[in-house]
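Scrolling down, you'll hit the structures one after another.
Shared chain: subunit A. Partners: subunit B in the first complex, subunit C in the second.
Up next, the complex of A and B:
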């Protein structure tokens, strides 16, 4: 008896992974998944698969082994199918390994796919255990093949590059970071329309065309990946975009601005730039006889990063004046974003959700006509409490001292 | 040939009671609760907690009336031989019924979330064999290993949840009582039933060395279980929102997959850790039910030992687990609708009935010697 059990238990050691045993060499690690829709309604899938051999150094086995062209550490594959899963399986006709999605870094939709509605293509990704819910989602403007093939000597592949750009988001706050899980949450929740950042391939202005010499370093790549702006959805369809400033306006209202450069234009053409440190926001609904009214309370802290004007920052009243200007600038960004969202009739701010949370009975009455009749005419008061904490290594501005010397 | 089954400490009994509930409850409770009660899910748990306490008190009171016997042994004494045997058989069936339900749940998560291509029977067979081995070794071994597993399981569980604590948004718990108390009450059914499983103390009491503490262990077990379920429900609804959780089959699993740290990537992707501790938890959930069922069955049949029954019963349970549900939707609907009521029937209704009748008839064991008439030879302490 004991021997039998011991034998069986030892046998378990041999069953590593059972039927699902996978050897590392047999997997094609997908780093980016892009979903496109053809005019016929068919799904067109572009996946970026990692080519580890190119990273391992040496040219052997790399995609382009010739010495003059640097080898690529990825390959892009395209597949079509009536559904996403059909397209995924179609990949097997071209990729000699099993595409393995758990290491995907980003999930992309082309603008066309997003305009047709993302729910039907997203079902596969939510159902599948291989796609993680923590990866960021993007809408791609322009050609997705172009985007996924932007050469770059520093970053290993475009997908990783996108991941890095997301990590640096709080340097500008010019686009939201939306994980797949959050995106799904917004799609299903009441009173909150979905949004996600926008990415495009742009011409790289640093590229200079010059005759190539034998020992010259590789030229700057012709194209560059750029993230910025917000794609706005109604239900599951893309309806429009916010530009970068409007995107930050949205993020202010969401309490998600973790940094960025806030340019304050004072009277004349004097400009002070504030480095935003942190922000917090509370959305409060109020019931009035004329319908719900909202207050957005934003608390922000920042440092002076640059004062390109003759201001004496050692004076308290100047700091107060700058704080007021800062509050006004934030308010302007929020209101600009709100105006755009109202035009698009998409409640990306989640005012409906806030109403639902605080006044569920009122929300039930307004739910049906919210996006068409209520939200576009919503009264929203933006209150900003902005604080200026530090002024960097000096107080008076350089310009002020230069000018005082001239006098 | 009367075999002494050994002694377990009160702490080990408490561990047994925790393990018998924990592993499946944390996996399914958030989804069921979110479906029924939405953002008031935590309220459901509070109600379930009260329910669990009631069951813990009833079952401990009953167990303490007959501290040297199991419920199978004293049910005929309370209700008369015929009815008592029937009730005894219901208990036997209940333990096996939950055991094969657990086997199936285990298999479903493994095939859904981790290894899609492996047939479910492989997981069920492996888990059952391991469980058979543990039961072959007897109660003391089960309890000692269980103690070790829990010492790893519970801290790891809380540690993993601490990792997502930063993503909890209190907004997700509003609106509060949107549709009144109805939904939280309905949502309390399933977790309440799960907590009611601590009634297994009815089978354990004779083996506990310090029987006076049986009530305390049961209540402790319910408190620990309540805290575990509470953190997982608060974690799931707080991070994902009730709407998302309600649509997930295994919310706890999805929750761990969401752990995300931009700065400390090593803390990400903890689902492998979750799988490890959960499989251990599942093994003990199965073992605790399986053992209780075997013990009950052997006593019901009047056998001296349960050991010859281990493998046949194991095979039977494995087969039942495969045949009883057609697919995952069937299993999930069963978990939410049928299962809670059916086990409440045993844990609350039958146990309560036995206690009531015993109290009315004034039956209780007199200081360690239950029956004056030599019956003790057959049914003393842990003799099986």
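Up next, the complex of A and C:
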């Protein structure tokens, strides 16, 4: 009796098994999803699917027509449908395996799709269990098919390259990094407009066309991926772009600059470059009889990375002078970004949200007219506390020593 | 035709002739009956030694007659006319000892006109250390078959058993199954006396007790129980003795015969007694208050009670710096777990949870799986079976052929199967890594069940994914938690948690930090003197007892 019971229980385990078993080779791993809208309003979906055969190596299976053409380990598929899900299901007719979205690295919107509003297409992506909330979101300028076919020998596919660019964002801070989850949050929150980075395919400057010679090395690829600038949304529609410096201005105000090169122009056409180490920001609203006023307090630290002018950093007053210049440069970037955002009437800085947090009653009064009447005329004071930490391996600049010898 | 028939007759005749050729001469009526008779021990016990030498020897001949290696030597004792006889098994005695210390003394060293009786011979003439008096024929024959000589003297209704045993033994060699880098190189041999010596050499206290029991109706194998009085829990000794006394079987050829008769849970894969061929390991267990069982003709000793953590320790741990031993011990723990879940985890994750794998790894996984015609679970199963086959083949074969097996295995499974696209290279790596991990489990008895349990878990992983792996592991854990070895919970000191003993489980603490004995020892005095060096262990002992 005991054995019978045990056997039946074990049998129960087996009855429930296997239903979501998927062999790896039956799955097409989608690495990038791009959403476009056709003029008719139909959804056009472009996905990049990984082709493991090309990576498998050896002679069998790789889709290499001839030795001179490098094999590609991905393929891009396009599908159309009235809705996103309809398009996803149409993919099944084109992709030879089951499209599997859990490993997608990036989510892309074409400029056209973004201008029409993203909320209606995003519902599927938020609902689906296969899309992760941590993948970065981009707006694509130009042709998405071209972008997703930019060759790069260092990465297996363009989607991976995009992911790599995101990882290196803090080297320049010229574009924000916005995950899908954050993007959704910004879309639904009050007093904070959504924004996301911009990506496009550009001509590769290192490519030189030369006549084919028998021993010529393989040519450089014609295109490369370029990420830079910010797409600004109002409600869920794309309304304009910030350039790279303005993007960094936005990131200063958001406290998200983790590095980058800050070029300081001193008087007399002298340039000193600071390597930004870290920054912190606090946005404080103040109530005045004329409406809310904001203070953006930025604390920044940096190292001197390059001094292309005579400069003696062993002197304290020089350091102080540089710190002031640094603060001024940062302030200029923030103000430039703010000016642009005001033009677009899109509160991507989240001033409204800050007001909401500090003075909810005041926010309630201003909420309705915030983006049209209040934000474009908002008084914002930017205070920057910049510090120079280290000067690298030398204190006096090389130029100064060269000049002192000449004298 | 006629010729053929004749030839056939001839052949038949010659065959018959050959079969009948060595016909023995007919025996006298009485002897023939004796030869057919089977002497039962009980019957022999009933027969006392008579005072007539003739009668005794006649009986001995009836029982032992026809044995090619049985020897009987009749002679006259020196200094008189008294007859005596000595019987022994030819190949089991030390001849020179028998000649010099017994026969020579008995024939020449007895003063003239001395009144000779058995006590006199024992006390004054025979110069053999172990002598005992024998009163019935069961004792006579048990002594003789053990390799002792038995001396009968005319007119005495007793006999003397003389220990002149001497037979070839294997020399003490390095333990093969448990070799160490820094440890001693001597291992147990088949002879139990030698093994006792190896233990005594290490523990020099009269409190080390060796109790001798005979087990097996036919083999009458010597089983020796060793423990240290005062350290061991007396109830444990009683329990072991009781269980061994209950063994009633024909033959005991090795430790496993004893082990299987006395363990608590007969239906389990896991060893409930530690078997070792290292005297140092045995001594370590003795000082922890455990009982050691030595079985004659087996070069392994049994340590009871055993627990799982003990099976994962090696003697090597105690010959290295404690920090290093700790690190290696943890490596072994990880390998122990990996040896069960290695390939099942791969199957479960790749089949059910590909989203758990980092993208780049997943892509190369997918690339590796490309073109493999069988599902991952079947692939893993095939490789595991192939690996087990190779292992089994490698163990049984002589060393020269064994090399060929490994070459064939490496070539066919590692190289050709991957080239042919039958298995993915990654699967080869995973199965190999799992196999290596199972070999790092120091106890052979524990390594095998872990390898076998991998198959059901592999099955669960293939049908249920990670959930199945967890279910399988939990089932094993529940089973382990329910096992007991002579009353000691199998997972102790982890469950039930005994915090103080973890210093020899989670880490290998330095010897000065391992102050107290484990709780197996009833009398839990300190291993390391807490009062410093001034206090001598003997005094401490006296105070405790």
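Basically, the second predicted complex is superposed on the first by the 390 of 407 C-alpha atoms of A that agree within 3 Å, B and C clash if a C-alpha of one lies under 4 Å from a C-alpha of the other, contacts with A are read in each partner's own complex, and residues count from 1 in each chain.
The definition used in the following text is that a residue touches a chain if its C-beta (ideal position, glycine included) is under 8 Å from a C-beta of that chain, and two chains touch if they have at least 3 such contacts.
Note that the structure is predicted; figures quoted are calculated from it, not measured.
Asks: Name the contact category of A:134: first (subunit B only), second (subunit C only), both, or neither.
Replies: first
Asks: Looking at A:53 after the superposition, I want to know if it touches subunit B, subunit C, both of them or none. Which is it: first, second, both, neither?
Replies: Only subunit C is touched by A:53; subunit B is not.
Asks: For A:20, is the partner it touches subunit B (first), subunit C (second), both, or none of the two (neither)?
Replies: A:20 contacts both subunit B and subunit C.
Asks: With both complexes overlaid on chain A, does A:243 touch subunit B (first), subunit C (second), both or neither?
Replies: So A:243 meets neither subunit B nor subunit C here.
Asks: Touching A:172 in the superposition: subunit B (first), subunit C (second), both, neither?
Replies: A:172 contacts neither subunit B nor subunit C.
Asks: Looking at the overlay, does A:336 come into contact with subunit B only (first), subunit C only (second), both, or neither?
Replies: neither
Asks: First (subunit B), second (subunit C), both or neither: which does A:105 touch?
Replies: Second partner only.
Asks: With the two complexes superposed on chain A, say which partner A:31 touches: subunit B (first), subunit C (second), both, or neither.
Replies: second
Asks: Which residues of subunit A are in contact with subunit B in one complex and with subunit C in the other?
Replies: On subunit A, the residues that contact subunit B in one structure and subunit C in the other are 17-18, 20.
Asks: Which residues, counting only subunit A, touch subunit B once they are in their complex?
Replies: 1, 5, 8-9, 12, 15, 17-20, 129, 132-134, 167, 179, 181, 184-185, 188-190, 353, 356-360, 363
Asks: For subunit C, which residues count as touching subunit A in their complex?
Replies: 350-352, 354-355, 359-360, 362-372, 375-376, 421, 460, 462-465, 468, 471
Asks: Once bound in the complex, which stretches of subunit B touch subunit A?
Replies: 112-119, 122, 126, 129-130, 132-133, 136, 171, 174-175, 178, 240-241, 243-244, 247, 254, 257-260, 262, 268-269
Asks: Quick one: which bits of subunit A touch subunit C in the complex? Just the residue numbers, please.
Replies: Those residues of subunit A that touch subunit C are 13-14, 16-18, 20-25, 27, 29, 31, 50, 52-57, 60-61, 73, 100, 102-103, 105, 130, 156, 160.
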